[in-house]
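Multiple structures are listed underneath, in structure tokens.
Shared chain: chain A. Partners: chain B in the first complex, chain C in the second.
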Partner chain A sequence: MLAVDLLLALAALATAGQCLLLPGLFRAVANLMAFGLVMALIWVRLEAPDVALAEAAIGAGITGALLLTALGQLPASRRSIQPTRDRPLRQLIPITALVLLMAGVLWATVLALPKPGLVEEVAAVLPESGAEHAVTAILLNLRGIDTLLEIAVMLCAVAAIWSLQQAIPPPALGDHYPGLPTLARWLHPLFLLMFSYFLWQGAHAPGGAFPAGAVLGAGGVLLLLTGSIAWMHQRDFNLLLRWLLTAGLLLFLANALGGLLMTGTLYGLPPQLAGYFIMAIEVATALSIALMLMAFYLFGRPGAQR
Partner chain B sequence: MRELLGAGFILLGIPFFIASTVGLLRFPDVYTRLHALTKADNIGLGLICLGLAVQASSVAVALKIALIWGLILLASSTGATLIATSAIRHGPAPLRRNDDDTHAGR
Partner chain C sequence: MTHLFSNIALTTETLFALVASLLVALALVSVFTARHLIRRLLALNILSSAVFLLLVLIARTADGTDPVPHALVLTGIVVSVSTTAVVLALYLRRYRMKPPC
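Our next item is the complex of A and B:
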């Protein structure tokens, strides 16, 4: 398996290098998507299939398609930006220094990690956390505040995109590309099935809200781009859409405050109720993540159409 | 026995991937490259999936592998059609041997 690992490492370096060095933005985006796929394979080799799935769906698929769309909106003159080669040495030195510095910091962090890890500590509180699997317990209970902030960051990203411009309605694809809307609709039941499976699996194996949300979001983006979800563009549903987008974060905050009232610490879930809390957060968070990923693909603030 | 059979199918599938890669690199325009990529990949992937399914520990795993093959067939054929349609509409016209040959039905 050493050969496979070396090949993956080389492929990651090669795609990253091509992404930075080749002329032309389209090549950069294509290489970035390939890089995301290689990273997903590396996560599989590190035995983290849930991270691999999120990386493949978000890192390669959703980000790549977002960048390609941005590229399509640029005027042709701006698309073929050449990397500057006139002062290679003056650029190379600070870049190399920066890379070495970051590698050093990462290496020092790895060395500074507690040696046996926190496995035993987590296992000791697992029965009280309300989840059967350690990763779910950490994400949604022990370090739930981190997850709450991640959701808040995604909501900020939606707000940032919406503040840039008006939403761009999807083009009518049916005349020239009838296959794409059909494929999106036929595959959506499978996306829903995978979403439910990941949610259910989160209780006892790696999985849960983030992979589930990523899968449902990817399927939803496909539907949205093929014009099958008209309501997200309509003004009448704008308020509903905003409430749905914030629902995950609001429920999370309500849980944190409820924990504060019941146990005296912020997000201190009482053990006998923690299972219900986690289930509610997991479902709401996954749905919110999926909807937020789809909201990126409105490319702006919806609501101009009646 | 099953491992041998599976390895045989996988070995049988590899030449299709090599052929489609060579076609992708050597063929002259986007349409022929698409042809090389999708046709050969589908058979090659089918054989590799068959080889893996034969070695699978249970019927459920084998069915999952078959499902993966089916999904990739759907996605790659739709993707190839989309790229080809888009290329016909906005990109270069397909190469022909010579311009008098357009009605020869090749």
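Our next item is the complex of A and C:
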């Protein structure tokens, strides 16, 4: 298996190096997407399947789509990385030495770190948490406050983006590529199927709200790209969209307060009801993650142009 | 320094720890030296991936896989895509101003 590891390590270093060192912005973004896919394979190799699913959908898919759309909006003069004069050799040598020195020190430190871990502690409380899969139990019950704050961070990001400018109108790609809208519409049931499967599987196996939301968000971005979700751009639906975006956070807060009323601690879910709580939060979190990823893709406040 | 590295066997953990360290160093230098702002954003993305790799490596303990860092990394991936989106929106805003600034 070490050969596979070596190949993956080389692929990760090569794609990251090409992304950061070679000229050309488009090439850099394409290399970043390839790097995301290699990272997803590395997560599988390191036995972190939840992370692999989320990285494949977000790191390779949505980040790439965001970057490519932003590049398309830039004026042509800013699209290429200006080929400023090549770095002189005397600048290159200290930079290489610095990289190697930092990497060496970090490597030695990481290998010397103690690895305490919370394996037994998590296993001890897992039966009371309402989920059989440890990562889901931590995300939605044991460390649910973290996930609550993370949804709040995403909502703040959407608010920041919307307050900056008006949304980019959907590109009329259907005129140039007549097959694309049809393909997106045919693929969407598949995205919905994957979404439902990950959600259902999340309680007892790798999957759950994060990969499910990421997959549905990626499918939604594909539909937005082909202009199939016209209502998101319409003024009449703006209020509905805002409520839908906040629904995940509001339900999460309601759960946390419900836990406070029932057990006396914030987000302390009672063990006999925790399964139902987790199911409700999981569906709401996945849907709001998907919708917020799509809202990022608009790059601004929709529904204002008329 | 030499005796520090002398008793290291080439295993999955040490190999990926080396990859993560190299990526952190490369990305950190790029964050500070890149001319184009988008290139800096790409470097930031690679830096976060490398840190996630270090976290997942620390999760592989002697008594099994620790799920807590996995949950942290899942949260971190979503937060890093939020950061990317906000930075890109700010960058686009810069060129859609009239006159552009």
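Everything that follows uses one rule, which is that the second predicted complex is superposed on the first by the 269 of 306 C-alpha atoms of A that agree within 3 Å, B and C clash if a C-alpha of one lies under 4 Å from a C-alpha of the other, contacts with A are read in each partner's own complex, and residues count from 1 in each chain.
Everything that follows uses one rule, which is that contacts are C-beta pairs under 8 Å (C-beta built on N, C-alpha and C of every residue); 3 or more make two chains touch, one makes a residue touch a chain.
A quick note: this is a predicted structure, and the numbers were derived from the prediction, not measured.
In the superposition on chain A, A:L7 makes contact with neither chain B nor chain C. Once the two complexes are laid over each other on the shared chain, residue contacts for A:L187 go to chain B alone; chain C is not touched. By the touch criterion defined above, A:Y177 lies against chain B but remains apart from chain C after alignment on the C-alpha atoms of chain A. Touch criterion not met for A:L239: it reaches neither chain B nor chain C. Once the two structures are superposed, chain B and chain C can be ranked by residues of chain A touched, with C on top. In the superposition on chain A, A:I93 makes contact with neither chain B nor chain C. Within the complex formed with chain A, the chain C residues making contact are 1, 4-5, 8, 10-12, 14-30, 33-36, 38-39, 41-43, 45-46, 49, 52-54, 56-68, 70-75, 77-79, 81-86, 88-93, 95-96, 100.
Listed in rising order, the residues of chain B touching chain A in the complex are 71, 74-75, 78, 81-82, 85-86, 89. In the complex of the two chains, the chain A residues touching chain B come out as 176-177, 179-180, 183, 186-187, 190.
Every residue of chain A that touches chain C in the complex is listed here, in rising order: 1-2, 5-6, 9, 12-13, 16-17, 19-21, 25, 28-29, 32, 35-36, 39, 42-43, 45-48, 50-51, 54-55, 58-59, 62-63, 66-67, 70-71, 73-75, 78, 81-82, 84, 95, 98-104, 106-108, 110-111, 113, 115-120, 122, 134-135, 137-139, 143, 146-147, 150, 153-154, 157, 160-161, 164-165, 168, 210, 214, 289, 293, 296-297, 299-300.
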